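Please find one structure pasted underneath; my questions will follow.
Labels run A, B, C and D following the written order; every chain starts at residue 1.
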Amino acid sequence: VFAITITLLVIDIGRPSPESGDLLQALIHQWPSYVAFIVSFIYVGVVWMNHHALFTHIRSVDRNLQWINLGMLMMTALLPFPTAVLAEALAQRHPDNERVAVALYALVSGLMSAAWIPMFRYLRRHPHLLASPDDLEYFTPQGIRPLTGVALYTLAGVVGFLSPLVGLALFVVMVTFYAFTSEGVRGQTRSTRPV
Amino acid sequence: VFAITITLLVIDIGRPSPESGDLLQALIHQWPSYVAFIVSFIYVGVVWMNHHALFTHIRSVDRNLQWINLGMLMMTALLPFPTAVLAEALAQRHPDNERVAVALYALVSGLMSAAWIPMFRYLRRHPHLLASPDDLEYFTPQGIRPLTGVALYTLAGVVGFLSPLVGLALFVVMVTFYAFTSEGVRGQTRSTRPV
Amino acid sequence: VFAITITLLVIDIGRPSPESGDLLQALIHQWPSYVAFIVSFIYVGVVWMNHHALFTHIRSVDRNLQWINLGMLMMTALLPFPTAVLAEALAQRHPDNERVAVALYALVSGLMSAAWIPMFRYLRRHPHLLASPDDLEYFTPQGIRPLTGVALYTLAGVVGFLSPLVGLALFVVMVTFYAFTSEGVRGQTRSTRPV
Amino acid sequence: VFAITITLLVIDIGRPSPESGDLLQALIHQWPSYVAFIVSFIYVGVVWMNHHALFTHIRSVDRNLQWINLGMLMMTALLPFPTAVLAEALAQRHPDNERVAVALYALVSGLMSAAWIPMFRYLRRHPHLLASPDDLEYFTPQGIRPLTGVALYTLAGVVGFLSPLVGLALFVVMVTFYAFTSEGVRGQTRSTRPV
């Protein structure tokens, strides 16, 4: 699902075909599509890596975990929708639409973060599903990350509703921050193929 | 196929880009797309889990089983089509189209259930394909589920043709029911990655 | 690639959304889309199974085999294009376009068959790539199948250019024939998951 | 990601449905779509094979390698966009748009090559990630290939900006060259399934 979502993002970049010879301007005009593509690509990429790292700590999966996991996949699979809406609104440069689109993007991104909360919560309460009891230590600091994500995306949504470009900048900052602090892959050396 | 279908559903959510500043209204107006996305996502998710659980009971696959399996995949891969038609008809709020779209969704969903009937039938008659003879007990109660599915989706189609919103409500109820009664993952603990 | 192609076919089924209440007629009007979806789905499904069966006979892959394989994947990945063109032309009911669309579908289907010829040829000449020397017997009768496919699709293209509906009927007959005679899965029992 | 990208390329081939009976002309008119499909399919195919071959030389993956890898996937996933823009511009036959589209295609293709530079650089500096120290010899000649790629695609972009058709011819030449000189699969016999 992660691999497919990350690859589908390209479909929503418009293919301009102006009648007259202003393809260059048309391509430049849709620069928000490129920013949105990159930000969403990296966000899904980080979540993919974290998800992959998470399951190296899990030994067995029960029914509830499967549903929690499906919820995480649903939020991830949904991301191309707000990405496309945001890119379009920014290209149109209509302030009211930009506000709404930034808020929508923040909402879905926040839900993507929120979907991790029950995962960590459930695993802390059912340590027998973990690969080893030591993995519990891994989950305690990790449990804060999705809460931070929800808080920051709520903030970005509110700020972005007032000033869309500040909201957009916040998305870029947050994805960069996520990328550099991602616990799941911190310094570890794994003998498997990367995601 | 399940992973791809579940991820393709997002493509059919419209990307509104109104000229004037009424993006919020445009987004709200297409609320049926979101309901349809969620209902179809969960339905494919449940079928995916059941399909995955099913194949843990199967040891070897013969030619006939492969064809039955391809039929199941075909019905699943088809689901984004009635999902999109239904969402569009509900957004238009044209009563006649809503009736037809609800009936179409019920038809394809019913066929998705029906595609499981020959699978269970064939496995009961060819127990040597199963991982262990005990698995036969698993298939007897399971064999009733697709029949119930076909009956309920036929009912939902007929009711929905008379009153589309009742039909839609029935889809939501049925997916919730499926999610909670899914035999395939009931209480079991498996040592594999979730679907 | 097979799984993705088979699932992408659904995207090309039109999502009708008539302004007035004639959704039923619009859905019925595009019946060729459903036939084309089913025929192409089964064709890719058969090729997928044969491809899967083929690689159980191959022990190692060299550079040339990889290129031959990429050619097979290219022809398969292309199939949704003539499928969509054919469905659209049949829905329009314009005789000249139907002829062209049937010929195009026959061309790509024939190329899909043709792509298997170098595969069998190469493996017969490089038996050290096979899992066992006995597998050579498997490849001798199989080698005739793609040649038959090319001949029949050429015939279907020519006949279809004269009478599109006869051409379409030939596609259905051929896919049915392929499905029932597919060597790759004949009566064999394999201990792997189906495609 | 490679498999999905390679299969998504077909979506951007237009599905012409002219009102009158000139489907044949409409299909011929969009010949650049077919050339662009084939060139991009082979390019992604070559990169896929090289990527696959590369990871047979890598024993373990650290955080930095994962990010470098994600960058390579991002450039690959982006390719359908310039492919579609180029095909459309060539079909329109507007000189100014053709120049821009060829330059855009060269830019993304060049970035796809450039994304391999940090990969080889990082592996040369961290040989403990390799499967065996002998693999270092493999990476020294390979390290020149992406640099050549970047140089040639820059050249193709500049030349193509002056004469689009010469640029297009250069793309075809380069993909052919890549296909025949691809180190990753040169003469080697591997016991795995092809990509």
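To be clear about the criterion, a contact is a pair of C-beta atoms (placed from the backbone, for glycine too) under 8 Å apart; a residue touches a chain by one contact, two chains touch by 3 or more.
What you are looking at is a predicted structure, and each value in this text was computed from that prediction instead of being measured.
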item: Those chains which touch chain D and also touch chain A; value: none
item: Whole-Å gap between the CA centroids of chain A and chain C; value: 37
item: Length of the line joining the C-alpha centres of chain A and chain B, rounded to whole Å; value: 26
item: Overlap residues in chain B, where contacts from two or more other chains coincide; value: 4, 8, 11
item: Pairwise touch network: line, ring, star, complete, or other; value: ring
item: Chain B partner contacts - residues on chain A that touch it in the complex; value: 1, 4-5, 8, 11-12, 55, 59-63, 65-67, 69-70, 73-74, 77-78, 80-81, 84-85, 88-89, 92, 94-97, 100-101, 104, 129
item: Chain A residues within the chain D interface of the complex; value: 3-4, 6-11, 13, 15-24, 27, 37-38, 41-42, 45, 49, 179, 182, 185-195
